[in-house]
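Shared chain: chain A. Partners: chain B in the first complex, chain C in the second.
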Partner chain A sequence: MGKIMLEVNELTTKYITRFGENVYAVDHVSLKVEEGKSLGIAGESGCGKSTLALSLMGYYFAPLHYTSGEIIIDGQKITGMDPDDIRRKILGKEIAYIPQAAMNALNPTLKIIHFIEDVIHAHDPKATKKEIYELARERFAILGLPEEVLQKYPVELSGGMKQRTVIATSVILSPKVLIADEPSSALDVTSQKMVIKMLKDLMEKGFVKAMIFITHELPLLYNVTDDIMVMYAGQIVEKGTAREVVFDPLHPYSKGLMGAIIVPESGVRNVKLTAIPGTPPNLKNPPSGCRFADRCKYVQPECKVRSIDFRDVGNGRAYRCIFSEEQLRKAYQNG
Partner chain B sequence: MSKGYFRYFLNKLVWLFITAVFAFVLNFILPRLMPGDPVAAITARIAQGMSNSTGMKEVYEQYATLFGTNRPLLEQFFLYVRNVLQGNFGSSFSQYPRPVADILKSSILWTIGLQFPAIIVGWLIGNTLGALAAYLKKGFDKVLMPISIFISNFPAFGMAIILMVIFAVDLKWFPTSGGYGFDMIPNFSWDFIVSVIHHYQLPFWSIVLIAIGGQAIGMRSMSIYELNADYVKYSRFLGIKDSTIVRYVFRNAMLPQITGLALSIGTMVGGALVAEIVFSYPGLGYTLLNGVMGQDYPLISAVTLIITIMVLLANFLIEIAYGLIDPRIKAAQSE
Partner chain C sequence: MVEENQAILKGVGLTKVFGLGHRKTIAVDHVDVEFREGEVSSIVGESGSGKTTLAKMLLGLINPTEGEIYFQGKRLDLRTYKKKKEYWTNIQAIFQDPYSSYNIFNKIDTLLLDCIRMRGGHRLPHARKVEMMTEACSFVNLKYEELTNKYPFELSGGQMQRLMIARIFLLKPKILVADEPTSMIDACSRATILDMLMKLRDEVGMTIIFITHDIGLAYYVSDSVYIMAHGKIVESGSADDVILHPKAEYTRRLINDVPKIHEAWDLSTVDYSEI
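Showing the complex of A and B:
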């Protein structure tokens, strides 16, 4: 087993809305990512994926609040650290993220190079402009961005260029862990694949040591990440290797997600085969018992009553359902 | 200067020219549509005590020829154009034979000296307060906003009169009218300057207060919008310091406020003219009032023309500068 780059234990965070309500968007989430490995997180919109991404950074500001659990990056526990230390020593250096809305992630009135200067100076006030420029030029070149981009304003760049600029900026300090939150959802299939390839390249070249890749299209993760976790209503409902989760999903929700979208390879993507009926529950007062029960084809009376354990079946495989593996596989075979 | 910006500049210049021509024509026509015969009024004044009606008629004819009012309107217009281009606005009717240009020369300086600083100060204070309200929220915002909304909806003459009643009539801190002591002759003596500053306060603050209200409201909502922008979140998670992010936000919120200034400069000047009238300040507003009272066409036309040109020019300069400093506008122009 490789060195563990990111370890998260029972992390819970919540939004406090303007009206004082608590929204538990990340509910007792645990995960591990080893050096050189990537983890995919899939789930429909509103399941808490973006909130999880932000929560993993260990830096909280309203309306998001930390509740409990721990985050350990490369052996260093960051939960409980002073926020200003986290800002200076952790963000961007130990862990960095690529936001979902990469198109708007850059300050429109700031030249790219000045933004990068601000990023680096926030961690190392002594860095000279020349050093920063050299570093930026080199990182941008790796992502196929010409040097001139550094002197441009974000509004002068095309969508794809902006996307790559954001990626390059996120890895400018060679973070150990990189979290990519649906970095390609706004792009067409070809560009999506390019983005994924770029991210894998970055890891292979050692600019990033471990990666989390978030998407709402579970099938997209096959061939992209080593492991997959499926998230539903703030909880992890299944985890395993990418091959296992894509070809042998256990949780009915994962099964539904696999059926919901045709694998990009097959070409046709405009038809949703068997979209899961209904929508994820409101996280202000999530259902007790299984959170997926209301939408589940195989629901039993007891599903709605008792809380369901995350059942560990060995080799890192686990899922949150009352049925056994055999029962589930059989049920799926019969359709 | 980029090609796109040059087009932007040219476009603004063409519009400046077109509006100036329209304004010029309207300035000529509108005062002449006023009821009453100013030449008759002058004749009556000059020929006071004359009982001979033939003599009266002769004097009338003489003046009508002199002012050109007995010629066809179109001919009068072309004469007017030729004269104005030579800096000759004709003789005043009401202060005959004093040339209009002579009357304007002194009042323009008073107006610019009063309005330019007042509008700039109002803009700066208003934007600072609005930005603080957005950033500090809570108590400050709750007090500032209702006051700003109240003040910005206040008619200009109301503000001037309130200040006059409180600070000039009741408290007697400042004089009620004039630009300097009525017993003084303009010169560069210390006494005169002190008197000018003393007379300056009430008209100045009545303009500033109105400007503050409107600008603060605009700046507050722009800042709130920017504070919630995606780039703020991304910058934070890269570890950039809050003070740097606040700088981004206020710069981005401030830039559109510059167009706000361009748009409202017309209204502001209108309000400022009212302040001049209320305080009998020796600027263009007060001169205009005298012109209207005396049915003094040449004076009215000249004053309105000057005001219009000043507003158009101010607008033009602001837009040109804005296009230069905001990359969002620059980029939009080159598309």
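Showing the complex of A and C:
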């Protein structure tokens, strides 16, 4: 077992709306990522995936607020630290974040090298321009980005190229943990593949030690990450290795997600895809029992009353459902 | 040989050139396409391959620089607005972004009533109109009673896109052009949208032209597939032929680019030449 790079214990964060209501978008989430491993987070839109990504950085700004729990990056507890310290010492250096439309963050009037200088100067004001250029050139060469890009303006680059440039820039300080929040969903399949290859390269070459990858594209998640966690209405409903979660899902919600996978393989046309009916619940007043109960095919009266524990079944596998593993597998076999 | 369905829409030598002189861009280059009645045909290509330009020409939204379109065997003439309007009773479209497809000031009710009016139903009794709208909403698994008094912004992206299909169901055009209808939508709602397109084909007998960059989706819905690259059709044929036994190098690359789950996904073939 490798060294644990990121550990999150019972993290809860909330949004406070204009009317003073509390919306718990991340509800008692615990996770661990070892060195050299990647963790995928799956779920529909509105499940709290992106809020979790923001919360993991430990830097909160309204309307997102920290409630309880702790975040430990490589033995260093970052929850409770001074926000200014987090911004200067943690963000970019220990943990980096790539948002969905990262390429829109590039100011069209500045050259690419300017953004890299910006990142480095925020952490090391003494670095000279020449040093930075050398570092950037070296790093870009390893990641398969041409050197000319450094002297170009963002408008001269294609969408895929911009996205890759932003990724290379955000990991220029070799952070320990990289959080990629749907880094490829605004791109077409060819550029998507390049972005994925780049993220894999970053892991292999040791520029980042651990990665959290968030997306709703399950085939992608399966190919990129070692472990997968499925999130629903702010809670983790299932975790396991990528292979286990995709081919042998336990929670009815994960099962529903796997039923909607579309890939260009010979069997796809004969299989009837099943989508989950309905939409995720409003988290302003979440259901008291199982949050998935309203959309679940196998719902029992008990589900709506008592809260369901996150049951550990060994080998890092856990799920949140009242049924046992055997009961669930049998139910899926019978359709 | 088995007698094939007649081609309802045909493009011969379609070309579109943007710009002049050394700034000239050939977006679509002498493309021949044929869409048979009651089939789903896909046009697949990367961004910038000209698939949307081709669709716009077929829709009559832009004029081709060269080439002709034949609708039901007759050469299409769209020189006057009146003729265009008449053509648009036969062909309709769903676009990529459901959020910008609506008039935000109109309630859902108004939108659906407009469709009925356009099909000459404005003299019908109100009860009959409600019945038609309910039928259209239930076709796309939505509840009409819940939607009547809502504005578009109160719906989710998936619901909006489904309502677009309900609109198509009321208008009942002969051809539907669906331009990346699923790219802004969650992977989970995607299956629902695709199933609805197939339902339109099976139950209404609509001819559907489905445009996408994801060859996996194209394979799932379509009967025939056109692969497009740099403004040209590089491969065409039935979905099974093209995707399971691709002939063109480009098609093979497109298939390789999509992540798979039962087969290994080869990442080593990525080339970083593009800037």
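By our rule, the second predicted complex is superposed on the first by the 323 of 335 C-alpha atoms of A that agree within 3 Å, B and C clash if a C-alpha of one lies under 4 Å from a C-alpha of the other, contacts with A are read in each partner's own complex, and residues count from 1 in each chain.
Here is the rule we use: a residue touches a chain if its C-beta (ideal position, glycine included) is under 8 Å from a C-beta of that chain, and two chains touch if they have at least 3 such contacts.
No experiment lies behind these values; they were computed from the predicted model shown.
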> Is the arrangement of chain B and chain C around the shared chain A a clash or a fit after superposition?
Replying inline: fit
>> Which partner chains sit in contact with A:123 here, chain B, chain C, both or neither? Use first/second/both/neither.
In response: first
>> For the overlaid complexes, name the partner, chain B or chain C, with more touching residues on chain A.
In response: C
>> Just checking: does A:4 make contact with chain B only, chain C only, both, or neither of them? Give me first, second, both or neither.
In response: neither
> After lining up the shared chain so the two structures overlap, which partner does A:91 touch, if you call chain B first and chain C second: first, second, both or neither?
Replying inline: first
>> I'd like to know which partner A:81 touches here: chain B for first, chain C for second, both or neither.
In response: neither
>> Contact-wise, after the overlay, does A:275 reach chain B, chain C, both or neither (first, second, both, neither)?
In response: second
> Of the two partner chains, chain B (first) and chain C (second), which one does A:299 touch, if any: first, second, both, or neither?
Replying inline: neither
>> In the combined three-chain superposition, what is the angle centred on chain A between chain B and chain C, taking C-alpha centres, to the nearest 10 degrees?
In response: 70
> Touch check for A:108: first (chain B), second (chain C), both, or neither?
Replying inline: first
> Touching A:146 in the superposition: chain B (first), chain C (second), both, neither?
Replying inline: second
> With both complexes placed on chain A, how many Å separate the closest C-alpha atoms of chain B and chain C?
Replying inline: 9
> What residues on chain A does chain C touch that chain B touches too?
Replying inline: none
> Can you list the chain A residues touching chain C in their complex?
Replying inline: 44-46, 144-146, 148-149, 157-161, 188-194, 196-197, 200, 216-220, 222-223, 246, 256-257, 259-269, 273-277, 279
> Tell me, which parts of chain C touch chain A in their complex?
Replying inline: 46-47, 141, 156-157, 186-192, 194-195, 213-220, 239-240, 243-244, 253-263, 265, 267, 270, 272, 274-275
> Can you list the chain B residues touching chain A in their complex?
Replying inline: 229-231, 233-241, 244, 248, 251-252, 255, 326-328, 330-332
> For the complex, which residues does chain A have touching chain B?
Replying inline: 54, 57, 59, 61, 87-88, 90-93, 96-97, 99, 101, 104-110, 115, 118-119, 122-123, 153, 155-156, 166, 169-170
